[in-house]
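Both complexes below contain subunit A, partnered by subunit B and then by subunit C.
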Partner chain A sequence: MTPWPPLLALLIVVPLTGAVITPVVGRTRAVRSANWSLGVMLATSVIALVLVVQVARAGPFSYVVGGWLAPYGIELRFDEFGAVIAVICLLGTLAMVFSRRYAARAMAEQRIPYYYALLLLNLTGMIGFAVTGDLFNLFVFMEILSLSGYALVAVSGEKIAEMAAFKYLIMGAISSLVILLAIGILYALTGSLNMADVTERLGGAPAAPLAVAFGALTLGFMVKAAAFPLHIWLPDAHAIAPSPVSAILSGLVVKVGIIGMLRVYQIAYGSGAVDMRTLNHVLMWLGALSIVMGAFFAVFQDDIKMMLAYSTISNIGYIILGLGLASSYGMIGASVHVFNHAIIKATLFLGAGALIFQTGKRTLTDLAGVGHAMPWTVAAISVGAISIVGIPPTAGFVCKWYIALGAVQAGHPFFAFALVFGALFIFIYYIRMVNAFYFRQPRDPAILEVTEAPASMLVPVLILASLCLIMGVMGSVPLSFIEPAVHRLLLPLGGG
Partner chain B sequence: MEVVDARAALAPAISLVCAALVFASADNTFWRRFFSIAAALAKLVIVMSMLPGSLRGVVYTFKLVEFTEGVGLAFRADALGMFFSVVSSTLWLITTIYAIGYMEREPNRRRFFGFFALCVSTTVGVAFAENLLTMFLFYESLTICTYPLVIHDETPEAMKAGRKYLIYTLTGGALVLLGSIVTYQLAGTMTLSQPGILPLEAGRTTLTVLFVALIAGFGVKAAIMPLHGWLPSAMVAPTPVSALLHAVAVVKVGAFGILRIIYNIFGVALLRELGICTWLAGLAAFTILAASVVAIFQDNLKRRLAFSTISQLSYIVLGAALLTPLAATAAIVHIANQAFAKITMFFVAGSIQRATGKTTVHELAGIGFRMPYTMAAFTIAALSFIGVPLFAGFVTKWYLSLGALEDGAWWYALVMLASALLNAAYWLPVVYTAFFKTAPTAEVEVHEAHWTMLGPTLVCAVFVIILGATVSVPGMPFALASAAVKFVFGM
Partner chain C sequence: MIAALWHNLDYAASVILFCIGLYAVITKENLIKKFMGLNIMETAVFAFIVAIGVVDGGEAPIMGPGVEPPFINPLPQALILTGIVVALSTTALALSLIIRIWRQCGTIEANELREVE
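Right, the complex of A and B next:
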C-alpha cells in the first residue's frame, strides 16, 4: 500500500542523517561541511518536490513507519498544508548557499561544521513537524527544531546573543510544556496519539478537559508563533542571530505555531466535539493586535534587522487573523501567507545580511545611501518591502486580499479595516528604509565605496526577490493548491 | 462588439519595457533618450491603432492572469478607457520631449526617466483595467512610481512633500482596497464592463458607506476638498513631473476612478435611487469655488497652478455626480480639456523658470516681450480655463451647465459662471503682467526656451484650440466620450 521508495520517510531520514554526519565530514576542512549540507538539502528538496507534485495530483496520503498500523505505529501524513516543506527546503538550500561566505567570517572555523549541522537539524525538525501524523512526534520534532534554534541564535557571538538565546529558550520551553500538557490530556481522553484517531474518538469527551487541552494548545502555539503579547522573545533572537538563521527563524520557525494551529483545527473541526468559536474570537483579536502593535514597534527601530523582526509579528498577525476568521477565504489567505511570508521575509533578512556583511553597519542612519553602492541587493530588498506591505502585483498582496475578503465574508468588516490600515502603518517604516537606502545623504561617504555583495549572497537574494514577484503574478497557483485542503477542513462547519 | 486583442495589455506593457531599458541603459544619455521617445511613440501608435475600431464601438479585451474565478488581471479598452489613454499617451510623448530639454543638467536622470515611464504605464493600466482589482493594482503602483519623482531634488522640503504625498495617497489606496473587497463580497464580481454591478438589496447604509469609501479613496488623488492637501506641497517636484502629475497621471487617475465607480460599479440608476450624489456634487461645487478663491492669493506661479488644478478637477467630479448624460459628457471630455490646457501652463512655468529663474507672478512683468511664443501659449490656456468659446474649456462648461439644467439644478450653472469669473480673476492678471507691464530693467531681447521645451508647449496650446473647435467633427475624441455616455446611460 505504500509506494516504493518510501519518500515520506526519506524526507526526514535524509536530512537527519545528513545533520548527524556533518561534523564528521567537516572535521578536517570546514568548507566540506558546507558542500555536504548543501548536497543534503538539494537531495531533500528533490524528494519534497516529488511529494508536493504527488499531493497536488492525488490528494493527501500517509506512510506507516515500519508497517506498524495506528494506533501503535508512527504515521507520517502528507497533506496540502504539509506542502510547506517545499518552502522549507527552498529557504534551507538558499540559506546554506548564503552561509558560505557569511559563516567563514562570522564564526571560528572549528565551529562551522556544527553550525551547518544545527541548521540541518533545525530544518529536519520543521520538515518532520509538517508531515507527522502523530501528536507525540509533533512534540518531538518541535523540540528538535526549538533546541537547535536556541543554539543557532547563540552562534552569532554578538554581545547580547546569549541573553537573546536564553530569553528564547525560556519562552520556548514554557510553550513546549504547555503543548505537552495538552497532548497528555488528549491522550488521556482518547487513548491514542495518532491525530486521525484522536479526531475520531474525541466525540463525547467531557467539555472541561477538552477546553483546557485546546486552550493550552492554542496558547502554546501562539507563543511559538510570537503573537502579540506573547512575542517578547522574538525581536532580540531574530535580530541577533546570524542573518541566514534570522531568515530561517523569521520565515519558517515561527510558522511552526501556525502549522500547529492548523493541525489543532483539523482535530477540532474534524471531531466536531470542540466549539472553537470563543478561541477563534480570541485569535482574531490577537491577530489584529499583532498587526498593529508589530507595526507600531517597528516604526521606532533604527536597527534594520530589529525592524524586520517586528515586521514578522505583524505578518504573523495576518495569518492568525486569517485562521481565526474560520471562513474559507481567510483560511486560504492565511495558509498561502505561510508560504509567501517565508519567501518575502527571507528576501529581506538575507538582503539585510548582505548589507551588513559588506558595510559592517546595521542601522538605517548608518546605511543611508547604500543603494548607490549595492544597487542589486537594495533593489531586491525594495521588492521585498513592497511585497511585505502587500502592494500588488507582489506575493504579499494575494494573501492580504484573501484575508481581508475572508473578514468581510465572515461578517467582520472591522478586521478587514484593521488589516488594510495596519498594512498602511507597516508601509511607513518600509518607506523609511527605502528612503534611507536611496534618497538620504550618506552619513559616511565611505559607504559609497562599498562593493556589491559576493555572488553566493547576491544570487539567493535575487532568486527570492524574483519569487516575491512570481508568487504575486502567479498567485492563483498556491491558492488553488491549498483550496481543497481548506474546504476539507471547513466542511464540518457547513463548508465555511 | 468585444474582441480579444493583446494590444489592450500591450499598451501598458510597453512603458514597462521602456522603464526597464532606461534603467538598463545606465548613464548613456543617447540610449536613454532613444528608448524614452521610441516607447512613447510606440505606445501612441498602439493606442491610436485601436482608435478607429473603438469609434466603431469595438471593445478590445485581454485577460492576463486569473487568480480565482473572475478575480485577476484583465484589460478592457472600452470607450471611456480609450479616451483616457489617448489623452495620456499623447501627452506622454509631448512631456517626454519637454522633460529631455528641462532635465538637461539635473542629476539622477536615469531614475527620473525610468520612473517617468513607469508612471505612464500604470496610468494606461488604470485606463484599460477590466476590473476593480486591476485598477487598484495600477492605482497603487502609480503612487509608488511617482514618489521618487516627487522627491527628485532630495531636499528636506521635497522629502517632506513626498511623505505627505504618500500618507494621503496610500490612505486613499487603502480605502479603495477595502471598497473593492466589499464590492466583491456584495456583487460577486468586480468587473468594470457593466453599467453598474451593485444590487440595491445590499442595503442602503452599506451601499452609502461603500460609496463614501470608494469616492474618498479615489478622491484623494482627484484632490476633492478636503483631501487636497498633498497637491500644493507636491509642487516642489521638477516641472515636467508637476505637469505629468497634475495634468495627466495622478490626478486624472483619481478622477477617472470616480467616473468608473459612479458609472460602472454603482451605476446611474442605483445612485439616483440612493440620492448620495447630490452630496458629492455639492462638495465638488464647493471645491471648484474655494480652490479658485485660494488660487487668487497665490503669488508663486506653480502654487497658483496647483489650486487651479484642484478647482478644475472638481468639474469632472461635478459632471459625474450630476448623473445626467450631458453632464457626463462634460466630465469625460474635461479629462482631455483640462489636461492639455494645464500642461501648457506647466510647460510655460517651467520654461520661464529655466530661462529666467523666475517663479512668482509679480516677477513676470514684461516676460511677454522676452518669450512671446511661450506667453502666447499661456494666454490660450488661460482663455480655455476662463471658458471662452472656441477654446477647450468652453465645451466643458457648456455641457456641464446644460447637464445641470437638464436635472433642474440651475444653481450649478451659476457655479460655472462664478468659476469662470474667478478663473478670469487669477489668470488674466498674469497675462496682463506679462504683456502690458514693462519690466524694471526693460529687457526686450527675444530669448525663448530651448526648442525641446518651446515645441511641446506650442503643440499643447494648439491642441487646446483643436479640442475646443472640433467638437462636432466625427472621429475626434469627443465622439468617444459620447459613445461612453451612451453605454453608461443605456441609450
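Right, the complex of A and C next:
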C-alpha cells in the first residue's frame, strides 16, 4: 500500500507554511509562536514517520509535483538515505522544546517569533534537501537552510556572534556557488535537472567537464560538511550559536554536505560515466585528516562548546572516510553514523546548553564539580561522551566498527588505524570533560549551589541520552534499514 | 587553444570573473569589499548558466505570430531568476551583519576585528 501520494509534498509544505506564519501567530504573545512551531514540528514528525515506515516496507518511491511528469516536472524522491528526515524532525522538535526557556532569557520578546520562524525554515530546508529529486531544488533548499543558519548563528548576542556568522556566510556562499556551477555544467551536459534523468544521460559525456563538475560538487559539499582544511568556519559558528541552534547545526546542518555527497555518488555510480577512484582517495585522506586534526584541536579547548564543535569535525571525518572507502561496510557505517552522530551530538550540545544556562559559565575550568549540582544533565552528557568515543554498547560503537571493517574490506587497513588513533584522542578529551564535571575541585564553590536544569531542558536531553543507548543496543536495526540502499548504490561497482 | 577559447568566450569570461571575485574575497580585509567579491562570483556563475541556454541566432521563446525557431533555452534563465533572489537575500543578510559588526566593534576591517576577538 502506498501512502496518500501528496504526503511527500506535505512534508515540505507543512513546515514551510508554518515557518512563514510563525511571526504572525506570535505577534501579540511570543509564547504562542513557541507552541505553534512545536505543533508544526509534531505534525511534520507524524508525516515523516509514516513515510519512513513506508520506505522500510516497500523501498523508494517518488511524487511528481503538480502532475508534470519527470523529466519535465519537479520530482520529490524518498529513499532510505532520505530517512534522515526522521532525525531532523526528532531533533527539531526537541530543540523547539529546549528553546522555550532559552529564548525567554536570551532574546527580546518581540524577536522570539522570528527565532522560531528561522528554526522552522532551517528544518524545512533540510527536509527538502533530503527528499528532492531535482538538482536545482537541491540548491534552493540548500540555500534556505544555509541562509537561516547564518542568521541563527548571529541570534545569540555574544560579542563575536556576527563575525562568526559572517565567516560562516562567506564560506557557505562560496560553497553554494561552486555547487551551483557544477549543477550548471551537469545541465549543459545532459539537458536535464532531474537526478535520475541526469544519471541516465550522463554516459558518453566528455571527461573533462565531468571531472570539473564532480570535483566542484565534492568541494562544495566538503565545505558544507566542514572536512578538515575547509572547516575554518565551523568552530566559531557552532560554539557561538545559541545551544539549541548548535545542536541543530552540528547534528544536522553539516550532514547536508554528506547527504549531498551521497546524491553525487548515486549519480556517479549509477551512470558509470565518472571514475570516482581518484576522488574517493582524496575523500579517504580528507576523512582521516579530519578525524585526527579535529580530535587534536579539541583536546586543547577549554570552552565546552568549542570542544564539541571540534569534535564534530572529527566525527564528520569518520563519515567522509566511510564514504571514500566505497566498500559496503564503510558506506553502511557512514550512513548510520549520519543518524547516530546527530543524536549523540545533540545530546552533548543540549546538555552543555543546559549547564551554561544554569551556571552562566562555559569553560571546563569553571564548570569543575558541576556533576554534583546537576546530576541528571551531567549523567546525560556522560552517556553522550561514552557514545561518541564509541565504547560498546552505545550508538557510536556500531558505526565506527563498521567503518573500520570497511577500511579493511576495501584493502586500506591503514585507515582503520587512523580511525582507532582518532578514537583514542576523542577518548582523551571526553575523559577530561567527565573528569572535570565529577572529580575536580570546583573553582568556585557557588557552583555546587546551582539547581538542576528546568524540565523543558532536562527532558529533551534525557530523551536523547536514552536514544544513544537504545541505538547502541538495537544497532542492527538502522544497519539493516540502510543496507538495501547502499547495495543499490554500490551495485554498478560489482556488488559490494 | 586560443581558437577554442575565442569560440567559448562567454564561458572563459565567467571563469575569469569567478577568479577575480574569489581573489577579492580572499585578499580584501574590508568586509564590504570581501562581500563585493562574493557578488562578483555570483554574477560569474549566473552568467555562465545563462550562457548555457544561448542558441546561435535564437530568439526569445515567446510565442506569437511570425516567431520562428530556433529559440533560446528559457530554463537556465528561469533558474537564474531564482538564483538572483537567493543572492539578493544573501546580500541583505550580509550587509545587516556588517552593520551590526560595525556597531559592536567599531570597525569592519578583518585584520582589526581579529585583534578585537
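By definition in this document, the second predicted complex is superposed on the first by the 492 of 496 C-alpha atoms of A that agree within 3 Å, B and C clash if a C-alpha of one lies under 4 Å from a C-alpha of the other, contacts with A are read in each partner's own complex, and residues count from 1 in each chain.
One rule holds in what follows: a residue touches a chain if its C-beta (ideal position, glycine included) is under 8 Å from a C-beta of that chain, and two chains touch if they have at least 3 such contacts.
None of the values given here were measured: they were computed from a predicted structure.
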Side-by-side fit of subunit B and subunit C on subunit A, or clash: fit
Subunit B versus subunit C as contact partner of A:Tyr187, first or second or both or neither: second
First (subunit B), second (subunit C), both or neither touched by A:Val140: second
Centroid geometry (CA): angle subunit B/subunit A/subunit C, rounded to a multiple of 10 degrees: 150
First (subunit B), second (subunit C), both or neither touched by A:Lys159: second
Contacts of A:Ala151 with subunit B and subunit C, given as first, second, both or neither: second
Subunit B versus subunit C as contact partner of A:Val408, first or second or both or neither: first
First, second, both or neither for A:Ile21, with subunit B first and subunit C second: neither
First (subunit B), second (subunit C), both or neither touched by A:Leu479: first
Superposed arrangement (fit on chain A Cα atoms) - minimum subunit B/subunit C Cα distance in Å: 34
On subunit A, positions contacted by subunit B and by subunit C: none
Of subunit B, residues touching subunit A in the complex: 65-68, 72-73, 133, 136-137, 140-141, 144, 148, 151, 154, 159, 163, 166, 170-171, 174, 177-178, 181-182, 184-185
Subunit B contact footprint on subunit A (complex, rising order): 386, 391-393, 397-398, 401, 404-405, 408-409, 413, 416-417, 420-421, 423-424, 427, 431, 435, 438-441, 473-476, 479-480
In the complex, subunit C residues that touch subunit A: 18, 22, 25, 31, 34-35, 38, 41-42, 45, 48-49, 52, 75-76, 79, 82-83, 86, 89-90, 93-94, 97-98, 100-101, 104-105, 113, 116-117
Complex contact set, residues of subunit A against subunit C: 136, 139-140, 143, 147, 150-151, 154, 159-160, 162-163, 165-166, 169-170, 173-174, 177, 180-181, 184, 187-188, 193
